[in-house]
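Letters are used for the chains, namely A, B, C and D, taken in the order the chains are written, and counting of residues starts over at 1 for each.
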Amino acid sequence: MINKIVQTMADALAGARDGMTVLLGGFGAVGQPSVLVEALIETGVRDLVVVANNAGGGKGGLAGLMEAGRVRKIICSFPRSANSTIFEELYRAGRIELEIVPQGTMAERIRAAGAGVGAFFTPTGVGTKMAEGKEVRDINGRTMILEHALRGDFALVEAWQADRWGNLTYRRSGRNFNPVMAMAADTTIVQSQHIVDLGGLDPEHIVTPGIFVDRVVHVPYGDPPF
Amino acid sequence: MSATTEAKPWDRLKMAERVARDIPEGWYVNLGIGMPTTVADYVPLDREVIFHSENGVLGIGPRPPEAERDPWLINAGKQHVTLRPGGSFVHHADSFAMIRGGHLDLCVLGAFEVAENGDIANWATSENDTAPAVGGAMDLAAGAKRLWVIMDHTTKDGRPKLVHRCGYPLTAVGAVKRVYTNLGVFDVTERGFTVIDMAPGVDAAMLKARTAAELHFQA
Amino acid sequence: MINKIVQTMADALAGARDGMTVLLGGFGAVGQPSVLVEALIETGVRDLVVVANNAGGGKGGLAGLMEAGRVRKIICSFPRSANSTIFEELYRAGRIELEIVPQGTMAERIRAAGAGVGAFFTPTGVGTKMAEGKEVRDINGRTMILEHALRGDFALVEAWQADRWGNLTYRRSGRNFNPVMAMAADTTIVQSQHIVDLGGLDPEHIVTPGIFVDRVVHVPYGDPPF
Amino acid sequence: MSATTEAKPWDRLKMAERVARDIPEGWYVNLGIGMPTTVADYVPLDREVIFHSENGVLGIGPRPPEAERDPWLINAGKQHVTLRPGGSFVHHADSFAMIRGGHLDLCVLGAFEVAENGDIANWATSENDTAPAVGGAMDLAAGAKRLWVIMDHTTKDGRPKLVHRCGYPLTAVGAVKRVYTNLGVFDVTERGFTVIDMAPGVDAAMLKARTAAELHFQA
């Protein structure tokens, strides 16, 4: 019997290692695999490259991982926000590297990795600093630049429902980067609000089929409204 | 005729209202963070305009009362929103496929500068800004069928933001089709900026004085 | 009020013109927009380029369009099947052009068009006849070839449910190429088994958001089992 | 010891059964049209193997009785199938993202020829075949983590199908990891074909006589 559901955070994060690239789902406060990130801090791994839309906000989650000194580099579209003080301090001190990627290019680079596409031409960023050093080509009357697939060793994902095959649904805007990142890592690890029996998810409504998922850990924190 | 002292520039709400007036029913529209987001407040619900947000929300409705907020439903500005009947959710790659694939009729962004060739600079205020936040601006500017900009006509210290060529790092080249400022509305045409509307009491002389690019006036 | 639902086939196919490229959804007998294809024959347009997985089977649908002499070229992955006699006769007689594309490359080329990606590197077809004349590049240790976006003037799509905004669901393997093609045409036209009120589709379960759809025509032909 | 006259080559069902034996629980597997499809019949349902079909079906179950067929549920071979609990539907681009992205543990295809360097030819029988049907074979061969081939050891007129280099147009280069024929099972290794199993009564001499490539035998 296939059973991707694991019982402990240690099992969920088994194989975490220094220097790995971690794809981190979530957008704003929604769809963040925060409990998995806390557990990642616990493992003690360091020198991480983190791919996430934001460079962390407040104290917990990614900001906590950075504050603990575990992040060598962050690849994101939006490093600065109202409460991104930890990132900004580290960045000013030269203690963290930053690669800024347009949000859609980031999503598409991750999807490309998941879909086995090595690189693609996109109009985003043409004529800007983002195009520096990149191949430029006119395609069908449009100038485009070449962007490469962006893959992770781990993807940390938050889902709404999961079954033992790893099939996932998400809740509303909690979908965001999660299904895309789930496709694009060697090991995809999910924290799910709900665990349902196999067959409990409508096959038409599964957003991430289990083929993309390696491990699921149950992290219930209450249904809305809170 | 009228002296510039009589000018009544539009305030931010009036600017948003002015943009909203030009959005017809049936358009798919992405509104940037900040002032652009307020445009939605001036589109009546019975004029069906479908608002899109980068984080995979299509068909955004009015802001909810605080008690009715769904913690899982935010827009790209991280504000709580609602979903209209007919709305839908997609993931980030599909959301940007809508953007990059030219499926949005319109995107409205703020900007630091817009040039008469349609270039826009709205993400970094200096080449030395080492950690600027680009978000989805480059994808939106390059991808939407039309890019409109809503911004003050000048900076707080009075420097023009409508310029001959952008000095700040670009967000996209030749993308802007129209600019709404507190002083007027400007189409970006092959000749450059063409004035298509002016705030009450604003005249050509005032606009020219506050613009660092040639202005064309409709016959 | 937005209303993409049209009442006649003439309205559904308005703007059809000679020489246009038509993306045709469906795989096997499932998810074929057969009634729209019949209506396309009625319009009399000719010199069409058709993109479809198969080169038509039996007598109706695409085979009928070909038999009526309206198709100049077909782009597909699987031209021959047990009952593709009409295609084979035309092809032998030199009366139809054929471009064979690997099925996954075809799906990805269409998706690229819908997603605003101009071209992409794929490992599919490397070292085969499919690679002839195409740019070859090693990316991340893998040899890949460059494939270009494939766009349509019209996409003809079959859906299970639709609302007046053009939101769509599909039924089971009727999904196939339909959602991908819906993204990739100037005008996307849908025949839907069911029409539902706006709000009648769960926003989490819509597969094709209405942004990709231009016109919907109601073609009920009975719920299964038949 | 045994003369080739005593050989009892596997029939098609035995070949499918032999492949099925090697597929462990938990693998995601795509079975090509024809003989490969029958492999699924020999994987017991309680050994959970998740079968994928190019047309966007994941978790295919047993063939349904004719009366219970759902007209909307077919596999890539256009046969009616069922869906297991836990199965799901995706569109064609997502289905081939699974294939091209290396998410399938295994693909089993038929072939005209397999070469000792792992090349496979299974879609066109001649350079002059002007309308060959490639379907998803090239994507599957290039994309799956493992490609196994199931085919007769020789053509109907006795020509070897395990060859030094393919003569027919290629489907993919260096992709095949293992070949199951009616005479034996062959791993494709850096040295070429290595025999890892033989049908009852088949011996090395018989295999060599019917193979147009060097064969290595396990010590």
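Here is the rule we go by: a contact is a pair of C-beta atoms (placed from the backbone, for glycine too) under 8 Å apart; a residue touches a chain by one contact, two chains touch by 3 or more.
Everything numeric in this text was worked out from a predicted model, so none of it was measured.
Annotation: 56 Å between the Cα-based centres of chain B and chain D. The mean-CA centres of chain B and chain C are about 35 angstrom from one another, to the nearest whole unit. Separating the CA-averaged centres of chain C and chain D is a span of 29 Å. For chain B, residues touching at least two other chains, in rising order: 83, 89-90, 93, 96, 99-100, 143. Residues of chain C found to touch two or more other chains are 108, 111, 115-117, 122-123, 170-172, 203-204. Judged by the touch criterion defined above, the protein chains form a pattern that is neither an open path, a ring nor a star, and not fully connected either.
Taken pair by pair, the chains that touch are A-B, A-C, A-D, B-C, C-D. By the touch rule above, chain C contacts chain A in their complex via residues 108, 112, 115-123, 137, 139-140, 142, 144, 148-149, 169-172, 202-205.
In the complex of the two chains, the chain A residues touching chain D come out as 1-2, 111, 113-117, 163-165, 167, 183-184, 198-199, 201, 203-204, 206, 209-212.
Against chain B, in their complex, chain A makes its touches with residues 27-31, 77-81, 88, 91, 98, 100-105, 107-108, 110-111, 122-130, 170-180, 207, 224-226. Residues 53-57, 70-76, 78, 83, 89-93, 95-96, 99-100, 119, 124, 127, 130-140, 142-143, 169-173 of chain B are the ones that touch chain A when the two sit in their complex. Every residue of chain B that touches chain C in the complex is listed here, in rising order: 25-26, 28, 46, 48, 50, 52, 58-59, 83, 85-90, 93, 96-104, 143.
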